Each structure stands twice: as C-alpha cells, then as structure tokens.
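Each of the next two complexes has chain A plus one more chain, namely chain B in the first and chain C in the second.
Right after this comes the complex of A and B.
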C-alpha cells in the first residue's frame, strides 16, 4: 500500500501529464496559425496571412463567405438542438411515465440503435434524403433551412438528430424518473390531458436537464463532420458548414496550406470554447441524479 | 389523449426518425450485403431482385486472410481505449476536478473538452505535430530528446497504436468526465460531510461513498462508449488510415468504409462493404444485449407508477 501522502500526488500526476499534451498541442496550433513555418513551438516568421479568409473569400467571390458559412453552422446547430430536445423529452416522458406494451423493448432498442455504425447507414440514408427532397413544402426551398431533404441544412440536422437520439432519450428519461408524480397525478385527476401535463407541469420542472442536453447537442452539432460532408453537395455550396469550409483548404492536387487550416480550425473552435466556458455549470446538471438515477 | 393511443403519440416523432434513418437504411444495407453492387454496375445490376443475391460477400469476409488481424485490432482498440480513457481517465478527471478548487476544476474540464469540440481534421493535424520527428515534433523536442529516449523518429510510424489510443481516448474521456462529474456533484453533500466527520480520508470517501453512488453512470458510459468506439473510424482514418504497415491499425468499421467508399482499384464495392458493416452491426447488437443483461439495466425499466391512479 502507498502511504496516504503519495496518493494525491500520484493522482495529480495522472491528470497533469496528459493535460500537458493538450496544452502543448493547442499552443502549437495557435502559434502555427500566426506563422509561416514553425519548429516545435518556435515560430520561424510571424504573419497574419493565414487569417485572411476573414476579410476575403479565398476561393473566389462566387463562394459563400466565412460569415455566411458560420451562419449556416449556427442555424444547423440550433435546429438540431431544438429537435433533439423536443423529441427526446416526448419519448423520455412516455418511457418514464406511461405503461404500454413494448416499453422495455423500446428502451433497450434505443440503446441498441447506438450500435449501428453511421458509416453503414450513410449510403442508404442518402437515398432516403433524396426521397424527402421530393416532398413538396418541406423537402426543399424553405427559407434559411433549405428544407429537410438532401443537400439542405435541415436534412443534415435531421440525420444528426437521429444519431443523437439514443443519448438524448436516456438522459431525459432519467430526469423524468426523478420528478415526483404527485403533481402530475392531481392534474390528471382534474382531467388534464397527458400532453398538457407534459408541457405545463413536467417540462418546467426539468429545465436543468433541458439546458444540459441542449448544450451537449449544440456542441456536437457545431463540430459535426462526416454527416454534413456526406449529405451536402459541393464543399462550398450554399448549405456548407464550417467543417466543410475547412475541408476546402485541404486538397490532394495542390499543396495544402496547413497553417491556414489551423487558422480556420481555431476560428471554428473559439466560439464553442467560450460557449462551453459559460455553460459548463449548466452542463454539469446533465446527470439527473437520485439514488439510482436515470442514466 | 387519455386512451391507449397516448403513449404512441409521444413516441411518434422518435418512431418516424428511427424508421427513416435506422430501419429503412438497415434493411437496404442488409439487402445490399448479398449483392455485388459496385460503381461499375450501378444502374445496371438490379440489386433488389433476389436472383442477384448470394452469400459470396460473407464467404469473402470469413476467408479473408487479414480477418483475424482486423478483428484483433478492433478488440484491442475498443478495450484499451475504453479502459484507459473513456472510463478510466474520465473517472480520474471527474474525481480530481470535483475535489479541488472549483475554478481549477472548471479549467481542467474545459481543457479536456477541447479535443471533442476541435474540428477532427485540425485535431489529427495537431497530433501529427505532437508525434513529429525531431526537431519539429513536440513530444520529441520537449520530452524524449531532453530525456535521451529514442532517436527522434516520427512516432506515428514507430508507435502507431499508442497514438490511436491517445487521439481517440482524449476525445472519448470528456463524455464520461461530464457525466461522472455531474453525478458526483449531484450526491447530497450530507453524505460526504458525514464520512469526513467520521474521520474518513478523501480516498476512503471516494471509495466507499462516491463510487457506489455513481454506479449507474459508470455502467451507462461503459456500455455507450463501447458501442461508440466499435463504430468510430474517423480519427483512425485521418491519422494512419489503417497503416503504416499492411492492415497494422485497420479496425472493422474502417474496413467497412474502405471497401464501401474507397478502393485501390477505382471502384467502390458497396455490396461487399455493406456485408462488412452488417457483421459489425451484429457484433454491436450482441455486445449491447450482453451489457444490458450483465449490468441489469432491466432494473431501470421498472413499471411506472403513474398509470395506477
């Protein structure tokens, strides 16, 4: 057995040594984005050239500017977050509070869905989105979103919602499990509908859960790469998001400007780091708590 | 809404999304896996007709001479990353950051969240810089060379697996970290104070009060992250793409991607790739069912009392 004094020191070492790799890596990224070349953490020449995408479009005027792309990313992340929260809380409520045949099976199923590799499903999902695009009104040409079909922000958001649902449903069910059902019961006896009870009585009581799931979903959506890459045509099209804009700088035919890639990457990272800093307190409510908890 | 239909009204959005983006695609993948559909016969081969179905793809998989290596790689990748980082490191960070000054704890958790929210292309580029040969590479320059270890080689070529564990683990750790930290924070303060009053050391408080109370999030993260790792391949693809040696770091999901969407011969073998992913789905489902049984998730699904008015 280790002596009591040694243990905390050992614990801190386990935390600090790997943490130093992250610090080193991100320092390198920052220095690289402001340099022409680097050696280790040493810049071999400072420049602002890597950041010029901020004020001029690097691929020509016919492509959307970084700001249009940022707006797309924001819209997509917000839509995805909104749908994840609403759908997960509807389903989580039913799983936590209602009796129906197939309930246990459904809950296990939501977890098993997570075992379906996204890579497997990408090609068939492409065909599904092509079909959705044919539906009038919601398929395409919706302002801001584009719609919910192929090559639209809404469509990409919808696919990401599906992949986020297993997590969302389990988290929300945990929150509903922890609310006493007395309030709800009296409302039901008074003749309120299940939907009214859900919306007016239960939802206001799980605000911390809603906030936490929203933050987590938003961060996931902002950074999404594979799904937007697969389901939007043309990396610099009108539905491009930041992770695809970044992809434009990486080319197999011409020399990739890795320093510019670092700059665009940091541009994508900074807003969400700030967002995370200010919302971490709320995110830490993501575990519904209780003796057994829902998660 | 009071009737028998009410639960299904609540479930309907999930049912629609799951049907559109899980079930229909899965059925299509399943059918595709029996066909020889690829880029050269796309539009010609009538893959939906049973006449064109055969077990050839599956025979090809199970007679592949790299099968045991790919399977071994997958098991090692999932087990090591899960144990060391997605659960192990996640728990260590969560426990330490909830026992130190609150602000310092927040700072460390933000630091560990960075890998998850950094664009994956940039994140892997950063790791290549960390692994680079001396004098460029950060690990060589600031750790190994001063300590006199190694000859300053490109570490990604000499130790590819170490970096695959690190690159994936640093992203994976933050998921568990957030859930565990949140669970620890939600433990009523009376419990920890009581154990302190009784003279327990911090370690004893952790061992006998906190760990038993975060049992459920521990089990959930273990299950959820096993499945995440099993199906993830983006980082490996961008980092080593299965190399540097022949199939040295190729895992199952990456094989499925390679067969279905890239090919050295210029044609993408959708049918063959689909067969690889169907086997992966089956492995995933079996794992999920085993976890659900072993961890007694059934207890979580107690019948709700609300309907017994």
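Right after this comes the complex of A and C.
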C-alpha cells in the first residue's frame, strides 16, 4: 500500500517524463528559430533573421507576403470549419433522431467514403472543380475565396469539406445520441418546431462536440498539404496556403535552411495554439452536456 | 455670361470625353509567367520579365498599339513532378500560365497534347532570336518545328578536388593539365576510376567516395551513356533508341565503379543534407555535377570559407572524359525553355516579352547569378559576361555538348535505364542482367515506340 503522498508524485512522474520529450521538441523549435545555428538545445548565436519573412519575402518581391498566405489559410480553414460543423450538426441530428429509409445505408456509405485515401479521388475531384468553376456567381471571382473552382481558396475548402464530412457526421451523431429524448420531447410538446428544438435545445447541449469538431476541422484545413498542392497553381501563386509556403524553404536540390523552417513552422503553429486555448474549456467539458441514457 | 459658361461647360465635356476615350484606348493584357527557380540564384528567370514589360509597353506605345502588358510572375522551387502536373491541371481549368518555363524534354509531351504552340511563324517578327546559338534550337525542336525559346544552358562537367589530388601526390602542373588531357581524350573514364581507387586505398577519401554521380535519376547519366557510344533517338523516325552494346559498356562501367573502384557511394543520398555537403566539403575526389551548382556551393555551402575564391583553389573543372583513349569527351546541356500556352490569348505579346529577356543584358544577369551558360552568340564578349571566370572557362564545353531527346516517352525510358543503373551499383544486377532488364522494360512499356539496336 503506497502512502498518500507518494501516489501523486508517481502520477506526476508518469506525466512529466513523456511530456518533457514533447516539450523539449517545442523548446528546440523555439531556440532554433531564433538562432544562427544550434547544437542540441544550445544556441550558437541569436538572431531575428529567421523571422524576417514576417516583414519581407525571403524569396524576393515577387513572392506573396506571408500575411497574404496566412489570410488565404485562415479563410480556407474557417470556411471549411463552418461548413463542416453546420452540415455535420444537421445531418448528425437527422441520423440520430429520425427514422427514414436508407438511414443505415447512408451511415455505412459515409464511413466507406472516409476510408478512401484522398489521393485516389484527386482526379475525379479535379473534374468536379472544373464544372463548379463554370457555375455563374460562385464559380469564379468571389471576393476573398476566389470562387469554388480549381485554383481558388473556396474550391480547396470545398474539397476539404467533402473529406471531413463523414468524420464530422459520425462524431456529431454520437453527441446527439447522448442527449436525452426527454428534453426534446418536452419542447416538442410545448409546440416548438423541429428546427427550433435542434437550434435552441439540442445544440447548446453539445457545445463540447461542436468545439471538438471545430478544432479537428480547423487543424485539418490549417495543415492540409496534398489538396492545396493539387488544386492550386504554384506554391507562390494567388491561392497559396501556409503548408505550401513552408515547402518553399525545403527543397530536394538545395540545402534546407532549417532555422527558417523552424520559424515558419512556429508561425504556423501560433493560430492553432490560440484556437485551442479558446476552445479547450469546451473540449475538457466533453461529457458535461445533456443527460446520458436517454431513449 | 451665360454664353461663356455654356462654352466652358462644352469645353469641359470635350476635354473629359477625350480623356475618357484616351483611357479606353489602352487595353491591359495580363501575361502570367510561371518559372521554377532556386532562390536567390535563379530568380532572374522570372524577374527579368518585370523589366521586359516596361520595355515592351514603351514599344507598344510607340507603335500605336493600344495594348499594354502587365506581368504576373509565379516562381518557386517546387519539384519537377508537381510542377508539370500543375501545368497540366491548370491548363485543363484554363488557369495555366501564358509563358511556362520548363526543361526542353517536356516539349514532346506538351506539343502532342496540344497545350503549347509552335513558334516558327511568330518568331519571324523577332529577329533578336537569331542571336541564340544554333545548336540550342535543336533542343527545343520537335517534329520539325520550334516549340520553345532556350532560356539557359549549362555544362555538366567533371569536377575534381585539387587538394585531394595533391594528397595523392599529383603535382600542381599535373593537376592543371588534367582538363586539357581530358579534352584531348588522353585521360579516360577508366583512368579516372583508377585514380579514384588509389585515393580510396590510400585513405585520401572514404570507400565509395572516389567518384560520384548525382544521387538520383537525372540527365547526367545520359551523358555517360553517350560517352560509351549510346544513342537515344533515331533521327529518321523520331523514335527512342537503346543500344545494347553501348548499354553493356555503360552498365559495366558503373558496376566496376561501385564494386571494384570504391566509387558511386553518393547514389541515393539526399541532395541538401549529404550530396552537396559531400562534394563541396572535400569528401569526394571526382564527381559529375552542373555548372549552376557552382553558384549554389559558393552561396549556400562555402560562403564562410571564402566562396568562389576558395572554390577556385580547391576544385577543378573538366569535360566528362572519353570512354576510350583518343575518344571524344562530352558534356550534357539540359536547356530550360520558355513555352507559350495554346490558350494564351496574346501569344505575340508573350513572345515579345520572351524576345526582350532573350538578350545579352537579361540573360547575362541570370547567367552570372546562377552560373548557367549563356545562350547567345558572342555572349562571351559581352562585358559583364566575360567578367565571370566560371562562365568564360566553361563555355567551350558547349562545343562538346549533348542533349536529351525531345520525345514524349523519355520519362519511362529514363526511369527504366536508371533503375537498372541503381541495381548494378547496388550489386543486384550484373551488367548483362541490367541490359536485359532495360530491353524487356522498354519493349514492355513502349512497344513499337522504341528501337533496340
């Protein structure tokens, strides 16, 4: 029998050892980004030069500024997150609460779609984007998004939505399943419409689920590489996003400036950390909403 | 008073109407230029067009042409695979660049697919193109027509480390005479391997570091295949060719290099983390590289040691030696070329821009910054060009140069022949097995589109 004081110490030890490895990694990243060279965690000279991409393009004036690229990435991530959360919530609710023909088949199909490696769908999606580009008003020349066709931020976001939706629908269905029918039934008896029940009764109870899905969707879009690479023209083009911009620093044929890579990597990480900080309360409260065991 | 006011009003209308009409008389044409360039050395590939646009707009204005050009440059160092895919996909979406810079070997594929235009007719109105060295047009021709304008050229020489040769006991005179001996065919590829082996045996370099080629598939290997008498294209039919006898000698050379002469240890290494540091860090005695790498080593790897000054003391440059005594040494040029999309709405303006950058000033800027060779007749006499020692000392290599063939099936041909080479270097194939592998693979993949001799 361990003494009461030893238990928490052991618990902390178990937590600290694996965490320290991750923290060391981030520490190295931080030190490297401000150093000319490093040996382990020791800087051999401090510099701000690796961060100069913030105020000037490291690849000459013809390259897009990091801020334009960040705006592209942010718009793409927010659009994707918004669509995924809204569509998943509505679909998850319908699948959780309503019985209709093909419900199980639809659920299975979404799971199968999620299992498809995205690379196998790139060419068919390309042709879909070509058709979308021909649709008046939304195909081309939409402010900020560029549109929803090939080589537009909206187009890339749309493709990302398609890949993320199966995951989102299943997650949200799970959260709706955990909400008691009693609450919903009471509201319906009181005369609320189905939409009102969904919006005013159910949605506030699955905030942790919305937060979780938002974070996963945002992170997926923020770090996406293959889809933006395939469906936009040029890592320095009008629709470039951060993951592509970072690749400009890494080349197979010339020496990679890892210090600059570390700085851009950290820069890419900052919004993600901020996003996590603002949503972590909802995330940690993941089973706090609704009543379990409803019919 | 009223009359005066009326006259002033009419005058204002006339003047503003005239101004509006003048404003409407010019039409802005956006020309997108897409380049693959390693920053900062190769930035002039795209940036030259910014200056060119100013000149072209002045020309258009003087000629009374209402069009004005606005240039959009997209330039990065993306890998070749995604770079070509991007052009193909964006062409399908109508989003492709008007001017696309690429390796000349892609001309066959893109011409067959109808994505680029032949330039012969348009070029007649731009006599400046007559300044381009004649042999370079060969690299951008396909089925009797010209499809691209050469942007740069380079030599792929044999580099040698003077300091390491000195450690082997070579005198300064012997080292200095090496390029000349190679040019005369007196120092052959096998002589080179013998020296490489000696360096390994004496511990001057590590085993595997006697002689290196590039670490992955690429045009350099074809230069050695040519050295052994290999052919890649049948002039009469335009079909690809593989010579079994030359192929056997070629694979035997690499088999011997790796298994007997302590060489080819660089195959499979990463470019930036191992290959460049290896050759620039004096760990390798002989290696085949590109002249453009000279600028990369000076700028990115050896700046702290003195850059070019250190390199001239430490490294020597020569042609790739002949395969046999008295034979012809060679080099290989892989010119980049500006191509014009078949969907470009103003190809004459696109070509006018290319004409502007295909001139002594712009091309020399790029040549100096990236240590690529000039492409224009008499460029060695151009003041700023001849100031570059490397460019001046290597231009003679264009007299010995060879090219990759412009054929749509070059991709699979190159892959199959390289896979066999990697296998002989790795001791997985004998030279004979490598030849059989290549013949089987080419016939399977290309059928009637390849000739085996």
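Heads up, the rule we're going with is that the second predicted complex is superposed on the first by the 231 of 295 C-alpha atoms of A that agree within 3 Å, B and C clash if a C-alpha of one lies under 4 Å from a C-alpha of the other, contacts with A are read in each partner's own complex, and residues count from 1 in each chain.
Criterion: a contact is a pair of C-beta atoms (placed from the backbone, for glycine too) under 8 Å apart; a residue touches a chain by one contact, two chains touch by 3 or more.
This structure is a prediction, so every number in the text was calculated from the model and none was measured.
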Which of chain B and chain C A:280 touches, first, second, both or neither: first
Chain B versus chain C as contact partner of A:133, first or second or both or neither: second
Which superposed partner A:222 touches (first chain B, second chain C, both, neither): first
Chain B versus chain C as contact partner of A:28, first or second or both or neither: first
Partner chain(s) touched by A:74 [first = chain B, second = chain C, both, neither]: neither
Partner chain(s) touched by A:82 [first = chain B, second = chain C, both, neither]: neither
Residue contacts with chain A in the superposition, chain B compared against chain C: B
Touching both chain C and chain B, counted on chain A across the two superposed complexes: 247
Partner chain A, residues of chain B touching it in the complex: 1-2, 4, 6-11, 13-14, 17-18, 20-22, 24-26, 28-29, 32, 89, 92-93, 95-96, 106, 108-122, 125-127, 129-130, 135-139, 141-142, 166, 170, 178-179, 181-183, 185-186, 201-203, 213, 216-217, 220, 223-224, 227-228, 230-231, 233-234, 253, 256-257, 260-261, 270, 274, 277-278, 280-281, 284-285, 287-289, 292, 297-301, 303-307, 309
Chain A residues touching chain C - in the complex, by the definition given at the top: 58-60, 62-63, 126, 129-130, 133, 149-151, 229-231, 233-237, 247-248, 251-256
Residues on chain A engaged by chain B in the complex (per definition of touch): 4, 7-8, 11-12, 14-15, 18-19, 21-26, 28-29, 32, 38-41, 86-87, 90-91, 93-94, 96-100, 103-104, 106-108, 110-121, 123-125, 127-128, 132, 158-159, 161-163, 165-167, 169-170, 181, 184-185, 188-189, 193-195, 198, 212, 216, 219, 222-223, 225-226, 242-243, 246-247, 250, 258, 261-262, 264-266, 268-269, 272-273, 276-277, 280-281, 283-295
Chain C to chain A touching residues, read off their complex: 34, 38-40, 43, 46-47, 50, 73-79, 82, 85-86, 89-90, 92-93, 95-97, 270-273, 276-277, 296, 300-301
